[in-house]
Every structure is written in structure tokens, then in C-alpha cells.
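Okay, so chain A shows up in both of these, paired with chain B first and chain C after.
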Partner chain A sequence: MAKVEVDVPPKGGFSFDLCRRNDMLSKKGINPPSYLKTGTTIVGLIFQDGVILGADTRATEGPIVADKNCEKIHYMAPNIYCCGAGTAADTEAVTDTISSQLKLHRYHTGRESRVVTALTLLKSHLFRYQGHVSAALVLGGVDVTGPHLHTIYPHGSTDTLPFATMGSGSLAAMAVFESKYHEGLSKDEGVKLVCEAICSGIFNDLGSGSNVDICVITKGQKEYLRNHLLPNPRTYVSSKGYSFTKKTEVLLTKITPLKELVDVIEGGDAMEE
Partner chain B sequence: MDLNAPHSMGTTIIGVTYDGGVVLGADSRTSTGMYVANRASDKITQLTDNVYICRSGSAADSQIVSDYVRYFLHQHTIQLGQPATVKVAANLVRLLSYNNKNMLQTGIIVGGWDKYEGGKIYGIPLGGTILEQPFAIGGSGSSYLYGFFDQAWKEGMSKDEAEQLVVKAVSLAIARDGASGGVVRTVIINSDGVTRNFYPSDKLQLWHEELEPQNSLLDILSAASPEPMNI
Partner chain C sequence: MKLLDSTDSGNSSSIERTQYPYVTGTSVIGIKYKDGILMAADMGASYGSTLRYKSVERVKPVGKHSLIGASGEISDFQEILRSLDELILYDNMWDDGNSLGPKEVHNYLTRMMYNRRNKFDPLWNSLVLGGVKNGQKYLGMVSMIGVHFEDNHVATGFGNHLARPILRDEWHENLTFEDGVKLLEKCMRVLLYRDRSAVNKLQIAKITEEGVTVSQPYALKTFWNFNAFQNPTVGAEGSW
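Let's turn to the complex of A and B:
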């Protein structure tokens, strides 16, 4: 891609000037603060009756685990869920935004949302930001046209697949899927396979860890199995428990109801235009 | 391993005219850096009933361009009252590619059949040039096919000859280009309609070093372990 260094009047749309400034600064050695990333293993597969999504629960901030039990499977619509990998703020924001747009669309049309609608909204949003919104998503759901599974990449490209993995642990999880996936899986087989794939990511990828979340979506029904598997329990917990002897001293206990400090007008006039 | 690299379709794409229509062919590998993100992607995308395109370059850019052109063509068809011609489709792609050349990185081959000109292939490479050609090749794997087509292409082929040529060419490119792989997909468009075909990798012909090694003396000699030498 050629970089055009010409001053043009702003025509509207997103201005990438600050992105250029950031690039220039990082070349000089001034690095921006590290983001909270979900290192992540996220997967999805299509089984007999619908779609199963799976995710690990570790959120990292550089080399530190910031959240040991975060939720990476985001709600989009009653029949559509989306797993997110990449910068945690970006995945949260983009899925929340598109989830509201879908709700408004449902009110407007009076119909159940379709997965391709969510797909188009997400891909247009991500393409508009040219990859700077670092969100890699696995979108799955069941609508009137059947079960669907899509992957969406930060630059806005999408793929439609029967099984998919994303995130830093995607290679480990894909190895499991490639060897064991077949068409016409039952629900139990599917859940077991997804657990195996996520566990493969949890144990072999440093950016993924803690627990396994699963979401099973079928026609007219969904099951959100939060912490379906806990393969990393805390092993050495003190059985005696902890006691902290020196407590903070209580000097005075006084309750002041706020009504005494503020004038509360009971009733009042009706609001006028 | 840079899993955040933009998705690109390493790719081999081909479009060939024959007597009565066109054959479009492509491989199915989408790569993110050195990882194959999708080993079974479909790079031949439908624009209208009679016009299809082969996409190469950045996956996001080519998908967006094809979505916009499909939308414009749909409007155009409604306004015109009859199916759009391949020339119009190709020029719409060209306008988007040329006017946004600084921001897009996509090479496209437009192929289809209409009642005025018959089967036509238009190549629209990176900068936004439009070239009407009897055959067009594109993508990273096409480098290996220029000489092949110079020798193997001829005018007035039949539908089956053209399809076999396309399959052979894509399979040769897959053998030599690391960024192309997976399966070979073809789409045949003529006055009767559209036919999609699929050739899995095991059905393709093996080339050169891919063949099984012949029995060599080395295999036979090492079977019996050598006696220690006696002085």
C-alpha cells in the first residue's frame, strides 16, 4: 500500500493521523502502554442441531494475567453469540455496539436476527477502521436459514467454515479439530470436542489458561455453560484458612440520612415541553 | 508467527474463454503470515447470475470490493431491466480499484457470459487497469504459469478442454507456490447457466518430485546391516 504524504482537506470518515503519529513515536522508542489482551483460544463448530462456541478465560496484560476468569463469549442476540480474541476493550466495544444495532434492527423489522446481518455489521465496522480495532471474532448462531459459523479478522475479512479457531492458541485447538472433527456430531460429542480443543490451547499456549466456557446454540434455544470445565483449580490452599489479627479501629458509627442535607421536592410540577 | 498479519490470499486465479463461455478457476488457501487461516476458502464469488469474479490479494479488500460491486450491479440490473453485461461489471470493479488505489491491495479477474458479447474475461490487476483478454492469470502462483499458458493455450477450445487446462494450471501452480494450496475450484459460465466443480487435492495429478521415489540401490543395501570390517 502506497503512503500518500499530501495534505488533503478532511472529507469526513476516520482520520488516521494519530495512527501515523503513534507509528512515528514507536520508531523513536516511545511505546504506548500495553493493552489488556485476551491471549486466548476461541473455537466454534457446527454440529447436528446447531452451533457450539468455546473459549478459555484468561486475560493478559503483557506477561501478567490480569483476569483469571473473564468472559470471552459475548451476547449478540438471543440466537447469536460471538467469541472475541485480541484487545479486550475492542472486542467488548465492537460486540456491544453491534448487539445494540441488532436489537434496534429487530424492533424495526419485527423478526429474529440473522447471523449474516451480524456478520455484515461487524465486517463493515472493522474494515472501516482498517485493522486498528484489534478484534478477531468467531461468530455463531442459529436462525431461520439454519446454523451458521463465521470467523471475522481485524482487517474485515470473513470466512464461513464448519469449524474454526482463533487467538494465540488457535494452532493448538485447530490441531485437535482437524484430527477429530466430522460432520453430524451429537451435542455431547461436540461439547467434548470443543472442551478438548480449548484445553489443548489452555495447556499448550501461554496466552490462554484457566477455565473453559461453552455456549451451545440450537434452534429456539441456547445454553450458556459458564465455567463448564475447571481444569486449573488452586491446588495449595491453606486448610486452616487465613486470620488477620490487627484490624482497623472503628472510632465512630453515625448515620446521616441524605434527606436532611438536600431539599427533596415531593410531587412538583409536571414537566413541560 | 504473526497471527495479526492481515489476511492475504496467496492465491492462484485463472480465467479462460472457450468457444461458448468462460471457465474460472482458483485454489483455496487463505494465509495469515505463515499460517493457513482457511484451507478451503472459495475465491470465486458471484456478482450476478451470469458474472463471477476471482479474488486475490488482501482478503478484506477483495471481499469489500465484491460486496460493493454486487450491490451496484443489482441496482444497475433493476434500472436497466435486463441482466448486466460482463463489461459493465468489470468496469465497476475497475472504477473502485483505480479510484482507491492507495488504499486497496487486490487483483481481480472478472468473467461471465452475456447475450451481446458471449463469454468474456477481464483482468483488473493491482493499480486498476482493465484489460480484456482471452485468458487471464493472477495471484502469487501465476508467476509459474506464464510460460505454461504461452505453450498450452489455443483458440477455440471446447468446454472440457478449457476446464482441464484450468485444473492442470492451478494444480501446477499449487505444486510450486507455497502461498497456494488446498483444493481446486472451477466455475463454468455459458448460455446454459453456471456449473461449479470441485477437485480435492488427492484427485489432482502428481508432478515431478511429488511422485513416489523409485526403488534405489541405497534402500536395498541398507536393509542388510553392514558387517564390521575385519583387519
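Let's turn to the complex of A and C:
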């Protein structure tokens, strides 16, 4: 009996097809481009009425700052936001994917999304890719069951915590949280503590910098405070501005409308299939 | 190919390679305060991932004017203490009314650490050296490769990541003794929560113009009763 090669669709999971080829290339000295990492400080904390998420705004590519003011707090649902650390493409893609899945789920059930739903979707996705999707996330939101805060690691494990930090600046931020967090924080105290933690990351960690973004989520309401604090303003701006060198002189300006040179057929036939 | 060490330093003829630390102590934190220097270190020494010794004094006085605290390999620290002992002894034998101050001891340690590192045979320690002489406060640090500097507050090991941000924010000139101890305890508490090789048994040492006091070992109070720790999956049964 002849063997028939059937095209079986992939069953899911990470496709390791290109690994041997990549290995061979790297042995020959051709390395893949380096990732745009977010080298970050992201934090979350639960206060009296809800959740506060905070993040810095620096994206690094090796030793260079690629984006001085990027957005690390991603939208998941009207009541759920997610901060992402690690490879920027991975955090963007994974949060966008799960956000659209949540929207479809909302249409299907007719109810507000729950934080555990986002948590389970994210963690199963990351586990399937066995840590190759390098996204470390702080997920926070308020749903019918109350405020929730979770951390999700690239391999798919999760923690449920009253305060959490992730990223390269996580130790600096955690030092602030461990010494100053207590239960029953008011909104202003909470925002102040999150700002302090992110500033601690910004000033003590090289991978974090620029500004502080905050997102406050309470029952039925959210406040996205983009660039809430700008502790690194650009000083020493020359008052004279920049004077450009003498440009080439303009000798003649003539405008020729293209209609004179081209035949325009108004309302022609529709394109053929 | 055997490479012989043919100097007459009396060393063995084989090359000494970088060692691996076996019994290690974790972070040491030091700060300057109004009357002198405060240094804190816990009393644990780990053998790999086992907490082997729980009564190791990692902060010791040196001569009349200095305090040394060490993290890293404990046997290397004991060797350093022997060398310092010899140094102070020879200085006393001069009997010239002058004694080695913290700046001099710091310099001696720097030379020692850097020379060993150049021979690929480092003393695997990060040392904190503090003292007061003639009213001048001095606080410095030497690492195992010979990096040395002087500052108002220093930390080694994990303390670099966890304690330094707190010290940068909250240290100021002319801290009183109580405020200094509170600040050190705050840092040590964070280290206790977040450093796996920390033990809850610490000593705080103080050095002023009058002399050295090393406190009795004591434990810090910790708080574990957050609501979220009691019942983490409330509202989300089955998740973790």
C-alpha cells in the first residue's frame, strides 16, 4: 500500500521547525536581530476601592533607549488593564490577542469580563509557548467579585498578590512597597506610593527611565493618567532654537496640474473579477 | 603545559584559579550618622542553599577606629581579619602615639583585594569599612575585584538592589542614633522578606569617636497578615 502524505494542520503549541536552521546560522556567525526589550519597572497595588497600576516609559534596545515615552499599560477590557515587561513585541501581541478574545467573550456572554478570565487566557497562552514568548505581566482590574491583582511570568505561572512588581527595576520598586505598603490605603496614598515605587525604579535601575504612567481602576470607573509624573524634564534648552545652515536658493516656483497631461476617465467600468 | 610561578613569594608552583565561594554571608549595610557610623548585618552563613551557620559575626572592630563588615566567603573574611590583626599589631609595636584610621585600613584592604584579583586568586568578599578618627567620619567599600569607593551609605550583595533605593531616598546628614537604627532596620526587613539567604537574626554595630559597640543579636518583627495572603483566591475559586 502506498504511503500517502496528508497535510495535517498543526495541533497547536510552539512550532520548532526553524530551530535547527537558526542554530546552524548562529554557528556560522549570523545572529538574529536583538529584541526590543522594555527593561522596565511595572507595579500594581490593591487599595481600598480598587487597583492601581503603574509603569515607567522607557523602551531599550540593548544599551540604547529606543523609545523615551512608550506605553506599557495595555488595555484588556474597560475594567481590566495589564502592564507588560520583557520583549515589547511579545507583550503587545499577547495583550492584544487576549483583549480581542475577551471582547468576543463579552459579546457571547453579555457580561462584564472578569480578571480571572484574562488571567487564565494569558497563562494558558504563555504556557503553550514554554517561556519563548518573553512577556512578564502585571494584570489588574475590578469586576463583580471585587478588585484583583495578578502577576504572570513568561513560563505561565501566576501569583495573586496585594502588591506586585515586575521588570528589571522590580527590586528597587519592591523595596519601596515592602517598607511602605499597608492595607486600607486611600486613592491618593495609593497613587503616591505607586509613584514612589516607579520613581525608585527610574532612578535606581538603568533599564527604566523617563516618565511615570498610572492607571486607577475602581468599580465602574477607570482613570488612565498618561505621564502622570515627568521627573526627567529636558533641561538646558537653548533659547535661540536651532538655526539651520543656508539652504539652496529657490529660483522659480511653477505648479502644473496633472490633469492636463493625463486622460482621466470619469466613472469607468468596474474592475473585472 | 605547566606554568610555573617562579617568584620567591613562597607560593606553590601551580596556578591558582578562581575559586567558587562555599560558605557565604549575605548583605551588609552601612550608613554615616551624626556621631559616626552604623553597620548592620545578619548572622547567617549559607552553604550553597542550606542555611548552615546562624551565629556568624560578620561585623568586627579593627583597631581603635574602624569597623569591618563582610559579605561573601566566610573563610576569606577570617583570613582578612588575620591580616588586619597583624597590621594593627605591627602598628602598635611602633608605639608612636599614632594609630591606623579607617582611611588607612581601607587603602590596605583595597591593595590586598586588587593584588589577589590580579593573580586570579581573589578573596571572595565585598567589604564595608567604616570608622571615625579625629572627628572625621569615613565609610567605604571594597569589592572582590578591587573596586573601592567612599560614600555616605553603602550596601553589598542584595542590599545593592533592595536597600540602596531606600537609602538614597531617606538618608540625610545628621541622622540621630534612633533614626539611623530605624533606617537600617527598615532596609534589613526588606532584605529579610526578599533575599532567600537572609536570616532573622541581626547585629547592629556602632562606631563613634568614643569606641565600638556591637549590639546583641536580635530579631525583626515581620508582618504576614495581609488580607490577600489569608485568602488569595477569594472571588476566583480554583485559580492560583
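Definition applied: the second predicted complex is superposed on the first by the 217 of 273 C-alpha atoms of A that agree within 3 Å, B and C clash if a C-alpha of one lies under 4 Å from a C-alpha of the other, contacts with A are read in each partner's own complex, and residues count from 1 in each chain.
Basically, a residue touches a chain if its C-beta (ideal position, glycine included) is under 8 Å from a C-beta of that chain, and two chains touch if they have at least 3 such contacts.
No experiment lies behind these values; they were computed from the predicted model shown.
Participant: Who does A:171 touch here: chain B (first), chain C (second), both, or neither?
Facilitator: both
Participant: Counting only touches as set out at the top, which of chain B and chain C does A:179 meet: first, second, both, neither?
Facilitator: So A:179 only meets chain C here.
Participant: Would you check which partner chain A:65 touches, where first means chain B only, second means chain C only, and both and neither mean what they say?
Facilitator: neither
Participant: Tell me which partner A:161 touches in the superposition: chain B (first), chain C (second), both or neither.
Facilitator: both
Participant: Touching A:127 in the superposition: chain B (first), chain C (second), both, neither?
Facilitator: first
Participant: Who does A:153 touch here: chain B (first), chain C (second), both, or neither?
Facilitator: Once the two structures are laid over each other on A, A:153 reaches chain B alone.
Participant: From the superposed pair, tell me which chain A residues show up as contacts to chain B and also as contacts to chain C.
Facilitator: On chain A, the residues that contact chain B in one structure and chain C in the other are 158, 161, 171.
Participant: Over in the complex, which chain B residues touch chain A? Could you list them?
Facilitator: Chain B reaches chain A through residues 1, 3-4, 6-7, 30, 32, 35, 37-38, 40-41, 58-60, 63-64, 101-103, 105.
Participant: Which residues, counting only chain C, touch chain A once they are in their complex?
Facilitator: Interface residues on chain C, with respect to chain A: 161-166, 168-169, 186-187, 189-190, 193-194, 226-229, 232-236, 239-240.
Participant: Which chain A residues qualify as touching chain C in the complex?
Facilitator: Interface residues on the chain A side: 46, 114-116, 119-120, 145-146, 148-149, 158, 160-162, 171-172, 174-176, 178-179, 183, 196, 200, 203-204.
Participant: Hey, which residues of chain A end up touching chain B in the complex?
Facilitator: 1-2, 4, 86, 123, 126-127, 131, 134, 136, 151, 153-159, 161, 167-168, 170-171
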